[in-house]
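One chain, subunit A, links the two complexes that follow: it is found with subunit B in the first and with subunit C in the second.
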Partner chain A sequence: MKPKVLLDKVGFWRATAVTGAALMLSIAPMTVSAVNIPTEVTDLGKDTYKKYCSPCHGEEGKGDGPLARSMLPKPRDFTRGAYKFRTTPSGSLPTDEDIYRTVSYGVPNSTMIPWDILTEEQRASVIPVLKSFSEAFEVRKPDAPVTVGLPLRPTERAIEEGKKIYEEKLECWKCHGVEGRGDGPSAAEQEDDFGFPIKPFDFTTGKFKGGNSAQDVYLRFTTGLNGTPMPSFAKELTDEQRWCLTYYVMSLVKPEGTKK
Partner chain B sequence: MKQILFLIILFEFFCCNFIYSKDILTEKNYTEIEVRDGGTVIGNVKYMGVPAAVGKNLYRDWELSDASKTASEKLIFSKINNGLKNAVVSLKDITQGKKKIIPAIRPIIDQQNDCFIPHAIAIVSGTTVDILNGDEQMHNVHTRSTRNQPFNLGTTYKQRISKRFDYPEIIKVTCDLHKHAYAWIVVIEHPYFDMTDRNGYFEICDIPPGTHKFQVWHEELGNIEKEVTIHPKEITTIDFIYSQH
Partner chain C sequence: MKKFGIGLCLSAMLFTSVAWAAEQPLKKETPPDLYEGTPDWYRATYKDNVGLREGSGPFKDYFKPQMLDMYWQPNRHYEPMKNLDHSIFIEKERRDLCVTCHEEATPGVVSDWRSSGHKNPKSSPYLSARTAEIEKRTNRILNEVHCFDCHADTKTKQIRMPTGEVCGECHRPQFDDFLREREMGRPNHIQSWEANTIVPWYAEAARRGYLYGQHGCDLCHSGAEKCDVCHTRHKFSAAEGRQPEACITCHMGPDHPDAESYGESKHGVIYHKEEEHFDFTRPLSEVRPGKDYRTPTCQFCHMYEKHGRFIHNPVMKGIWRMGTVPPKNLEYTSSLKDYPYGIKIIADKIDIYSEENVAKRSYWLEVCAKCHSDRFADTYLKSLDEFMFQAHTLADRAQKIVEDLIADGYLYPSAADRDPYPLSDGIEKQLSPEFLGEPIYNAFKTLKGKFPVVGPILGVYGMFLQQQDNPSNIENMYNRLWFWYKLQGYKGTAHVQQDVSWWWGQAPMMMEFTKIQSEAARLRREGRIEKASLTK
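Let's look at the complex of A and B:
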């Protein structure tokens, strides 16, 4: 059957409708494909949390499990609803996908491992359990994720521009150090919202906590890290400046062999 | 058939929209009524403690930064009448009363010489506060709150942050680059509150007659409560006294 004949047979309107529907579906946000995140606390979620999460995060999500004492950075206290790695603006609650991402990929340089030993269903079932610990999820809703602009090319000029922002405009060196080793003058006195000491990130390690891609680094200083002294610079920088800073920060990574 | 397919398209279009729509959860415990013969309360909050003994200045001959020379504002009281500054007096458990008036001019907290000025403000819920940076250097504004959305924003010179506080809460505002600097925003659900001046005086008016519970909050000394009976069109004087803590 020729395509033209087929079109006549099915009818023009039907074809448009099907194409339209397909387009609409592709626009709808589906970052976690095929993983169904439950909205209610399930028995599976409770069991998974008790078995795998509560040894560090505590039975009631206060970050006070039996293993927490020997850890630094401390396991997250879920009662405040402060989550570090998000795609939402500063202070906002995370989306379900953000939590799923952190559970799945873990946090480098900390004791949070990537929980890929669990099935996708198990990881997703934990999310409503975590949310049930904080009253913030009852009062507020997560804001819409920030828009990530079109990336610049990582040119010499962009890195140069980023260096200017790092050293003069935002004074990132005050905490993160001039060479990005996390040894700035204000570094020693930093503490998080729960009163535990916290170290500014050492960029030379190259293990970015929220992910190693340029977009991940871009999101970290656009959204800030809730519960830590790291602020959001969404108001201060234009989209272009943020990409410049991203590339500069990524250029501070030292290859393994050249370290002291 | 055509109609059904069109309906499907429309439905999906709406689905896409609803995913991003935000609905704000509001909860009301306070109703506004007309108060005709309300009473007024004036009074004084006092701190009957001994000021901390002046120790030997070990840093006398050292060159210190300007910030470390500024006195801490956490406990200020008048030497004449022991009146306590920056205490918030409010009515507790009041469900109805005068109209909430949100100030037309937004309250301002400014960061000057690494300090927040003023040190504490009391606002009625729904008020927008402007937080400025008057220093020619980087600061950040970091709030810790659960019900109101917390935020942590970096600010450069002459930058202004406007935030609305919708829920009653006591919020600490800090700058992580200058650890000694902090301020308090006390959000109260109803308009019956006042912050004491530098001699510890306060005044609350148009209170519906009856017995009410008054509460005083101070960042260092905590809370005290007292029950007071308000008579119509009369001025009642009360004193709150913090003993040595």
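Let's look at the complex of A and C:
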């Protein structure tokens, strides 16, 4: 299955109820949007970007809008074409649908709200504007989205396998902490490609930046987060291992109120 | 102990202490208006929004406001942010997005709100009862008071900076109590912005390039329209407003050392030693002296109105007020006998023994009687009166020395040879005999401010603006005597802090007095020598 546009509101528990590929496939069509994304910059796109995006991302997409200076994390600088949340392989540009999804879903734990307050047409219209800020889109095309293998069920054994990967094979805890709080020994040293300190994700919050479904989390391990120290594990881990790791980090989510 | 001074202020927080007020029948249905009953010119210069284009008050054309004034005096000066147009969020009433973004953009704000009574207005039986009253009064169901409710101006579709009027939509009894400060006249909180900008030296300093030097003035005087002066945003806690610390950021320093005098008094020391035993969640009207509070707080004394009732403003019982206005009950030798010199916008002398003030004194005794015998408390307060009479007498003698020096032509540099009184041109142009009285107005008109102004209250300009040779050394000395040391002695005595009373008050007052005497003698001697040399 190729995840295309992923307006995926399917949460973890719903995902964990998935018992097999057949059922998964039956959910997938719900996530596909029929939004028409323009290929050229339009007046609507320019206006929408100027009014709603440029205050943070800057008029030229450098991530230096007037509101940016006090923000942490900093708004994305679009000029490098480095997009975190993609369905495409590590280092690739995102698809239009990937960008549309981030605009619509927002980025939890940041000031990037879900811009569903705008019409679908408005949201789609800013995509060529964002792409116009980076030469990368002129010289390259996004690679084809990665293939999502058949998901496992989140059994105890799968989670246990994920834990081993987290703790021993990849040593994820060095950044993300033993309990997944984003407080590992190397956490403070992390920087993104733009030179800003970047906090490893705190899994206990449950607000996964690229989306809360198992497939969303799986995709982060598969594609990596461009522009950040978080690499892709498409090569190091088998498809199955990535699902195990997915379920393990999702098991680290602490219900609201029990957090320290 | 008494006086105007340490005070909690403003209305607004959640469910205040003034339980009795909530039982009063609804007085009015008109929207809350902080400027209710004020004349048109007043509203036009203090309330009507001009953004940052012009100042406020009668001298508004002589200065532009400081940038921060949009937050301090929002009705007049607030401008919605230009960087990000929030109208779409208001039009679509997307309450969820306020929190989603601001949880990250300004997490402290959201965290405060989450722990406030606004987020959970029915989280305790007490809050539920107060919320039920508000629901009844406003005909709304209040399960959550949200960012949107206070910050969204649904008419203009812009973000607004809430004033007490916004708070008053729900907290009407507290708002109405606060509004009553106007009955007492200045000094009070509700007219604090007026007090800040109506004085001619504010505008004069601004046009001489000192506008931002007055940052400190603006910060304290921003208590006119805003409730978060005492109930800090975004918790807006009633309990916080009941703590003495709520008052001290403003009520300190050389002209009203309330924090210092209360804080180091036995009252204050016991509070600090035993503060964990104080139950500030209790409304003032339900505080059990000795159990909930072992000593009084600023709020407990100053917000006690009378007969067991508390009011949501701290000025109603004030007799000596800030301590600057001379009492009627003395024979003056200086021009203070003519105070306030026919000026209509300054309060008359205080009659300490007027029917109203005798009644107020009995209300003070009601408070003191929680812990002190009537005789002890009465004796203490009478001693305060005596201290004040003696202090005003000393000030009168000092003023006489300065005035005689001026009358005899020995002031140096003379008024003719120095900068005029602040903003004299503006005073002549913007004010009229109606405000200033005929004689004072005419003095400005004919002499163009080239005359000395000494003593309460217009002579205080030297504390706020020093110009070319104006005021002179001896005038500065006198300012320190009556505006600093007299007031410090007053607060030290009123708040039972012996060291403040003596070493910050009486002792320097006397030292300054003898300095004034010798400075006057020196000026006279030099003047005589100069005259003699000229006649040779």
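As a convention for this text, the second predicted complex is superposed on the first by the 227 of 260 C-alpha atoms of A that agree within 3 Å, B and C clash if a C-alpha of one lies under 4 Å from a C-alpha of the other, contacts with A are read in each partner's own complex, and residues count from 1 in each chain.
The rule we apply is simple: contacts are C-beta pairs under 8 Å (C-beta built on N, C-alpha and C of every residue); 3 or more make two chains touch, one makes a residue touch a chain.
Predicted, not measured: the structure shown is a model, and the values here were computed from it.
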First (subunit B), second (subunit C), both or neither touched by A:K169: first
Contacts of A:T95 with subunit B and subunit C, given as first, second, both or neither: neither
Subunit B versus subunit C as contact partner of A:T48, first or second or both or neither: neither
Partner, of subunit C and subunit B, that touches more residues belonging to subunit A: B
Partner chain(s) touched by A:M71 [first = subunit B, second = subunit C, both, neither]: second
Touched partner set for A:S110, first subunit B, second subunit C, both or neither: second
Touching partner for A:T205 - first (subunit B), second (subunit C), both, neither: neither
Sites on subunit C touched by subunit A in the complex: 83-85, 88-89, 92, 94, 97, 100-101, 104-105
Partner subunit B, residues of subunit A touching it in the complex: 13-14, 17-18, 20-21, 24-25, 27-29, 80-82, 90-92, 134-136, 138-141, 143-144, 169-171, 174-175, 186, 189-190, 193, 224-226, 228-236
Subunit C-facing residues of subunit A, complex: 51-52, 55-56, 65-67, 70-71, 106, 109-111, 113-114, 117-118
Residues of subunit B defined as touching subunit A within the complex: 1-2, 5-6, 8-9, 12-13, 15-16, 19-20, 22-25, 137-138, 140-144, 146-147, 149-156, 159, 161, 167, 176-177, 179
